[in-house]
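Below you will find the structure I want to go over with you.
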Amino acid sequence: MYNDSVLGVAAAEASMPIRSNLSFTCNHVNLYYGSFQALKDINLKIERNKITALIGPSGCGKSTFLRTLNRMNDLVPGCRVEGEIMLDGVDAYKDVDPIVLRRHVGMVFQQPNPFPKSIYDNVAYGPRLKGITKKAELDEIVETSLRQAAIWDELKDRLKKSALGLSGGQQQRLCIARALAVNPEVLLMDEATSALDPISTAHIEDLALELKKKYTVIMVTHNMQQAKRIADRTAFFYLGEMVEYGDTQQIFDNPQKERTIRYVSGNFG
Amino acid sequence: MTVDMTNSDKQYLRGVDSGLRRAHLFDEIATAAFYIVSGSFVLLLIAFTLYVVWGGVQAISPEIFSFSETGIGNQFFNTVYLVFLSLVISVPIGIAAGIYMAEYAPEGRVTNSLRIAIETLSSLPSIVVGLFGYLVFIIMVNTQWNLFSGALAVSILSLPLITTTTYDAFKALPLGWKHGSLALGATHWETIWHVMLPASVGPIMTGIILAAGRGFGEAAALLYTAGMSTDINWSVWDITSPVCPLNPFRPGETLSLQVWASRTEATSASAGDVAAAASAVLMIMVLVFSIGARLLSRHLAKKSEGENA
Amino acid sequence: MDTSRQQNMFRREYLGKGIATVCGLFLIVLTIAIGCFLLGKGSLTFTQFDHSITEFLFSSQWKPSDTEAGGGQVGALIFIVGSILTCALALLISVPFSLCTAIFMTKISPQLGEKIIRPAVEIFVGIPSVVYGWVGLVVLVPLIKTVFHVQHGQSVLAAAIVLAVMIYPTITSVSADAIRSVNSKYIEGAYGLGSTRWQMIYKVLLPAASTGILTAIVLGLARAFGEALAVSMVIGKMRAFPDSLLAPTNNLTSAIASDMGGAMDGGEFNAALWSMALLLFIISLVFILIIHALSGRKGAAA
């Protein structure tokens, strides 16, 4: 659709024709906040065009891990990441500028965070940063993105209205459209439904299932039912470690590790 | 408290002893005092305002409002022009400094130094700023008193205000906006420029209006920078001419300096009238600006409420 | 490719960041520059013209020579006393009234406070000081003259009243903030023990807000100390110790405002005036330090 300098380096282009079925590959990832170690030796391979859920009790490091994938943790003073995180064969920490990385790894946050601008300007924000100024082109991107986020029909008549006037569920879908407008490879969802009502949550879940056809979706959720409903793969985090990772069904029906069994069964009583 | 228990065994809830009576009396006296003092505060302001404005009205004559040596027209123009110049200087620097402080300055030594600097600047007596301006902008560059130097001196006074309002406005923004923008691959500066600054326009505008209001009334800082004389020829529009109204490098007495001068150099008979009229105009400007700032911030508060609903 | 990306980053990040950084650091440099210039010019009295700090602070012999040779006397005690006297008196007048208003607008009638007092305070703060001075000159000074039958109405009292009116809104609004932030559990506790409102106010509310109120007073004092033109219009500018509150005297700011224009640059007179400006600067720094110490105390108490 528009010029897209994939991760900026030749390695990425080389891997393009024979895209492996892996998106992220994490090897021995350790993360420290000052002297506190928040992630301990995480090894994880995330598959393309699947929904991967990260579950675990609060404070277990699942959100922290999610934020290492698009280097949002770079913003935290005193935060240090060790190990290797590869995206499409490119080291996300050594060979990629974080700003370029974030265009390819979109993120949706726990609280819907539309900018205090119009709906149109929210979606066009990312493309404009890339230097796209032609109105026809922007119009097309906005429409495509809003359609992908399944909210075009609701919003098409009020594109110039402030995004802050939307309901929470609409705001969250707008934020998804905003993330899709920069044409990412991966979409990270950080407890994206926890601030929403059940109906809006169902909308977002349906949307995620639709989106995985085109994107790789990685979601953090505290709601195990949700992981069970829509995730293909599930990783269980506990105290900064990744305890177990496998097909969702296996994690919930036949967990191998003692801590996973306790967590999964405890919550289903 | 001494309650006679034998007599008031069951009557204790109705018993009102002298201590309690006194306490109630004091309470009523105090309440009355609070009403009286606060009421007289408001009355004082009203009386003060009416007196100044009425004084101005009485002094009205075509001559007073003329753009000549005996009127206040030129001084009015100088005041507006000087405040405009000072805002042109202090608004960009102040906003940029506020952004630096809120977004870029490393925590610790730099932020602390900035804080101390802002506090020091904002507590400087304006006469001291005036002296500094006199030394640096007039004596050291070896020039005569001029509007531009006055504008620089006023800028020193308004910089801390604009910087703090910008800083506070940025710090009050939801973190989600910043993170949302960064997660879309915007740089930090793009986030500031396209998201955070537009979202902070309201409070920053209020700060600028307050700074402008203060600039209109400033006098001590201008005494030895902008100068106490003005000589404008309204038919000369060559900006390099010393009598051209728009030439910033000419002496430019402002309204507040005119009020002050009428006291110290009361040579002409109409000096009292001039001071009365100038005071009234200053007063009205202050009212307009403070009401304007109030309306603006109320309007913005309402607007953001409406958007969130 | 690498250079083009760097150019891109220059436009997208480094340019803006650079400008913001320069402006931020400029504020620090400006403050240091002002401090250095004041220190440099203000210390000439003691270095170049060989006067002692004791003479400057504690002598009332003021005859600086307007030459580079020097040799005059630079005792600024009269001005210092004038400043302290007018400010102290202004506080004495202003503080009780300010506190009453602050309590009224927060605890007695918050509605009236919000609708009327607060806007009034904001307008009061914004009135230019020369307007205060001018009204003082044409209303207050003649009034003092007729009421007390003195020769000139210009006096310590007139200056103090003008200053009191000027710092009234500052003290009121800052102490109102302090009172508003007193934890309501103290207030409920006081009522729960059967206090009347007045007992609650002076036994619980005022002590609990005392740090904030002190801060308000120091802020007011700082404003009064630095005020120049309004005071100079009504103080009489007489270089003598006042023998009563109705006598004229002079203060630091008025002396600087009226004499600086006539003092030759580089002369002893000029240097002595700069020393007075330096003194004002140091006093304003001391006020900042006091406010910091107070807020530190508040932090420790909380």
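Order of writing sets the labels: A, B and C. Residues in every chain begin at 1.
As a convention for this text, contacts are C-beta pairs under 8 Å (C-beta built on N, C-alpha and C of every residue); 3 or more make two chains touch, one makes a residue touch a chain.
None of these values were measured; they are calculated from a predicted model.
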Central chain of the complex, centres being mean CA coordinates: B
Far-end chain from chain A, centres as C-alpha averages: C
Gap in Å, rounded to a whole number, between the CA centres of chain C and chain A: 55
Chain centre separation in whole Å, for chain B relative to chain A (CA means): 48
Separation of chain B from chain C, taking each centre as the mean of its C-alpha atoms, in whole Å: 15
Multi-chain contact residues (two or more partners), chain C: 9
Per-residue multi-chain contacts in chain A, two or more chains: none
Touching two or more other chains - residue numbers and ranges from chain B: 187, 190
For the chain B and chain C complex, residues of the former touching the latter: 23-24, 26-27, 29-31, 33-35, 37-38, 41-42, 44-45, 48-49, 51-52, 55, 92-94, 96-97, 99-101, 103-105, 113-114, 116-121, 123-129, 131-132, 134-136, 139, 156, 159-160, 163, 187-190, 192-193, 210, 213-214, 216-220, 223-224, 256-257, 259-260, 262-264, 272, 275, 279, 282-283, 286-287, 289-290, 294
In the complex with chain A, residue positions of chain B that touch it: 107, 174, 176-177, 179-187, 190, 194-195, 198-199, 304, 306-309
In the complex, chain A residues that touch chain B: 70, 72, 75, 77, 99-103, 106-107, 109, 111-117, 125-126, 129-130, 162, 164-165, 175, 178-179, 182
Footprint of chain B on chain C - complex, ascending: 9, 12-17, 19-28, 30-35, 37-38, 41, 97, 100-101, 103-105, 108-109, 112, 116-117, 119-120, 122-124, 126-131, 133-135, 137-139, 165, 168, 172, 196-199, 201, 222, 225-229, 233, 253, 256-258, 260-261, 265, 274, 277, 280-281, 284-285, 287-288
